[in-house]
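Two complexes are shown next, each including subunit A; its partner changes from subunit B in the first to subunit C in the second.
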Partner chain A sequence: MSKQTFDLSAQSLRELNSALHALKGQTNQTAWDIVNPRGSHAIAAGLDAPLDVTVHGSTGYYCAGMNKHATVRIKGSAGPGVAQNMMSGAVIIDGDASQYAGATGRGGLLVIKGNASSRCGISMKGIDIVVHGNIGHMSAFMAQSGNLVVLGNAGDALGDSLYEARMFVRGTVKSLGADCIEKQMRPEHYELLEDLLRRGEAEGKAKPEEFRRYGSARKLYNFNIDNADAY
Partner chain B sequence: MTSEFPHTPPRKSYTFSDAVNAEIRRAAATGIYDIRGGGTKRFLPHFDDLLFLGASISRYPLEGYREKCSTDVWLGTRFAKKPIHLDIPVTIAGMSFGALSGPAKEALGRGASAAGTSTTTGDGGMTEEERGHSKTLVYQYLPSRYGMNPDDLRRADAIEVVVGQGAKPGGGGMLLGQKISDRVAMMRNLPKGIDQRSACRHPDWTGPDDLEIKILELREITDWEKPIYVKIGGARPYYDTALAVKAGADVVVLDGMQGGTAATQDVFIEQVGQPILACIPQAVKALQDLGMHRKVQLIVSGGIRTGADVAKAMALGADAVAIGTAALIALGDNDPAFEAEYQKLGTTAGAYDDWHEGKDPVGITTQDSELYNRFDPVLGGRRLKNYLKVMTLEAQTIARACGKNHLHNLEPEDLCALTLEAAAMARVPLAGTDWYPGKNGL
Partner chain C sequence: MCGIVGLFIKDPALEPKLGELLTDMLITMTDRGPDSAGIAIYSRPDDGLAKITVQSANPSADFATLDKDLKEAIGKPVALKVKSTHAVIELPMNQVEAARSALAHLCPDVRVMSAGDSLEIYKEVGLPKDVAARFDLAKMKGTHGIGHTRMATESAVTTLGAHPFSTGSDQCLVHNGSLSNHNSLRRKLAREGIQTATQNDTEVGAAYLTWKMREGATLGEALESTIDDIDGFFTFVVGTKDGFGVIRDPIACKPAVMAETDQYVAFGSEYRALVNLPGIDNARVWEPEPSTVYFWNH
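== the complex of A and B ==
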């Protein structure tokens, strides 16, 4: 089946998402080009099929929100909440990502080839995120599980109040959030990182041994008055 | 030998009462604030402070049992392709699996469905018990996003974006480690046994302009089929209602400070928020000012107990109400039949509020299988259905007495207030007058 092209300057967002949602399970219409996105919100939100969607330009809020199975490539930058609550599949951004990239994501892979703004990976619940550049403050706040890999630097309060998510940062960390500590890199972490860098299209850009690992000290898991200053 | 002069009798301080002193001692001994379930226990102006006027020469009543008084309600008629139609305007408020046991959630679904109304998920995702037994299920979209997924969004009948809760406007959720069982931990993707704190703000939007885009996204994901509710706590109801409407809500859910919670700091429950009586007129005014009253439906909750409360809330302008605490009591919560077990927990029937500890002898607010297996969801559902039917009959009785052939035809003009406070809050005249504080700017 030939590639489908959808022009958002000529057709509406509703028509686009309606057409994409109609594709369930086995479909031959798997390849889609979206042109003239012009910063529209909720582009390709709620996909539920193994589609290959390329957005030629920058997107507004919540592009590929709640994605399942699909691979969405953004040939530009992404607005807030890109790939929020992603379940599976992949979202790859050539440019930068605004706030809350990958928020609450439960699975799949989010790759940001530029920088990510604040709260990247907030409340992540199983997603893997690979950022080639830097990430902003309060990233991985209350992160529950999954992996956040940063080839650049991290801003203030990284991993504040996090649970079991793992974070790997190659550059500097401006400050760690409450209950977040540096942890030893063990052989399984090098192995994991190697796989994440490969899948995150960062192979050759960085080596696993250049990273430091951060995770939860688990001191705030149950309330203790002696830790009250941390709250 | 007694003194020849009379003694001043011992006198305790009103400010430092026994209860206040006990709390100071408890705080000093434990180093932690008091956490409990339920809603405010303080005295507040409430629906009890309003009365219906009934029919007279100028208003003629409808015949009870003979002339129809309808009770149905449509919710989500503004934008949703598939608005909800309920037989009665009393819905079941959001309560989480985690806070409540699986059998309790099943009973809520059974009772609500049998009575022709909806039930609502909570901060723990959608369970098969409640989806399977709820004909109409509202799926809450909360800051924690525990268990959130597009499949459940699509199999819900409506989506409720939770911004606030009456028991704790501005606060997040709390489920202490005792209730994080294997199943709860799996659904929330958290380690078993840890204290689980839900965020107070949504992770991917801030403010009304973002909310508008978030609602757009939810509509796109669900192909504009589902009604989208926005739930707010009783903080600033005029502005919050107006902003929810501006953001594109189909329905506004307004929860006053009498609304319950699974577990929150007592100081939060008792000191933050406004009584529902004060909230309803503000929200209705916002809808009227925007020309959206009855176009965006208003559901109110927080201390609704009887058909009279339902009728009064609707007379003040609500389209429907929601009950939480009252539904749990109907299921058996705090039943004196369990007094001996409440005594063992150091409390008494009617006062039990340590829901967060998971030791509920009735089996409702627990994840302990030995306790929740005591609870019969079929019987619980039957009891809830009975209670909902009674509330509806009571509301109809009042509406007929006011000459109304539908509960929605009740109006503020049918009411008077017994106290100045209630008159000012509800904006209905003090009994025997045509005046309320603030009327015409006076």
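== the complex of A and C ==
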């Protein structure tokens, strides 16, 4: 196995992503260091191989979007839409994430060691997200499945109009969105959380019993004729 | 989409580099707004002199004898510095209103970009790098400045539709977003005696702040009240003679990132705009919260 270093101040973003996209299935070039990212957009987006990519610095829009199989580590903060529509693999951010982190993600694990801003996990469809800090307003809006774990606090309208995603928040929730309610923590949830905290590199930072669970009241699933006037 | 950059200098040693740093930030934001670009620069005022920045579509004709004509009209000394389509008129502090009335009469096609004692505004259609070169922005010194790259949505791509907008003495505002209630607010402000020059939504945002501050609000209070009174999407960055402020609407979908060191406070629509600032790797970098006022004063 050889370690590849790619300097974004010397070569273009397109050259980087072309090189990474050329690696499919089995490859010996599995470890990549990307230096001088300087907030560029779409770094390591669309990966489709079991690579281990480390970005040394902060990234712009859509870093590691549509990720499949790869592990992408960001040694800085991430701009909007990080790990958007992730399919599998992992994205681990040392700093903060801007709006709609992990949006529409279908699988894999997103770890944010700082704070996430608004709309974290919006329309998530199976991704697991672990945020060590706080999350902003409208997070998990219309979330369909997957788990969102927050060690800090959640902003306004958490889980508005959500379907079957689970949210676990350790701190305060500023307000719950429409049809989102607190639910009882059952043994299987403690077990699930323990695993998520371990995989989310938050073991030792929080214990499963410190969290509250939120989910859908399932009242918006079917059209209610009494609400006709509201439309 | 639009791009915003802003830099508020805390360490006077950096003041000579304000134009250079801000120009680099502005050009980085070209792909967020290639239609037009503009910059507002605040510098330490010369004693007793006010400045009016004016713009003309026909500068060689309009600016040829403007200093002499204006001097004759107001009966006070006037100095004129022409920079491409813009010119800065320097005159005694208490002569600004007299000069503005005289200007409207002498050359009705000349537009006032800004007036005050420390602010100059330069803006034009075209790529940010071309606009910056045209006005030699990189050579400007100052205490704080704001720049904008425009991708037009609410009004035409014209010089007057470009940002920053200035609707009060030494005040300016740039905006990323679009306002929904600007027509009704424009009428309300007109009744309060605050006039706007264009049909642009952002100018109404600027005029709103001018009105609030005229009524006694501080910059911080005026920014706070935008949350209740202005409808639409906005990230505003504003400048006053000695201050610099930021506010985002409650939805906060227009991007913003800020950085602070002992030397400066910087604003960018994206982190990319900040990467060449000195000491950025050790700066405190954060995303401003929605509905939250941030401001700094000298």
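In this section, the second predicted complex is superposed on the first by the 224 of 231 C-alpha atoms of A that agree within 3 Å, B and C clash if a C-alpha of one lies under 4 Å from a C-alpha of the other, contacts with A are read in each partner's own complex, and residues count from 1 in each chain.
Throughout what follows, a residue touches a chain if its C-beta (ideal position, glycine included) is under 8 Å from a C-beta of that chain, and two chains touch if they have at least 3 such contacts.
Since this is a predicted model, take the numbers as computed values, not measurements.
Is A:Pro80 touching anything from subunit B or subunit C once the two structures are fitted on A? First, second, both or neither.
Both: A:Pro80 reaches subunit B and subunit C.
Does the superposition put A:Gly60 against subunit B (first), subunit C (second), both, or neither?
After superposition on chain A, A:Gly60 lies in contact with both partners, subunit B and subunit C.
When the two structures are overlaid on chain A, which partner does A:Lys24 contact: first (subunit B), second (subunit C), both, or neither?
neither
So, does A:Ser98 touch the first partner subunit B, the second partner subunit C, both, or neither?
Second partner only.
Given the superposition on chain A, which partner contacts more residues in subunit A: subunit B or subunit C?
Partner touching more subunit A residues in the overlay: B.
Indicate the residue numbers of subunit A shared between its subunit B interface and its subunit C interface, in ascending order.
60-61, 80, 99
What part of subunit B is in contact with subunit A in the complex they form?
My answer: residues 30-32, 144-145, 148-150, 153, 176-177, 189-191, 193-195, 197, 199, 203-205, 210, 213-214, 216-217, 220-224.
Contact residues on subunit C for subunit A in the complex?
250-253, 255, 257, 270-275, 285-287, 289-290
Give the list of subunit A residues in touch with subunit B in this complex.
On the subunit A side, the touching residues are 13-14, 17-18, 21, 41-42, 45-46, 48, 60-62, 65-66, 68, 80-81, 84-85, 87, 99-100, 103-104, 106, 119, 122-123, 125-126, 141-142, 144-145, 161, 163-164, 221-223, 225, 228.
Okay, in this complex, where on subunit A does subunit C touch?
So the residues of subunit A in touch with subunit C come to 38-40, 58-61, 77, 79-80, 96, 98-99, 117-118, 136-137.
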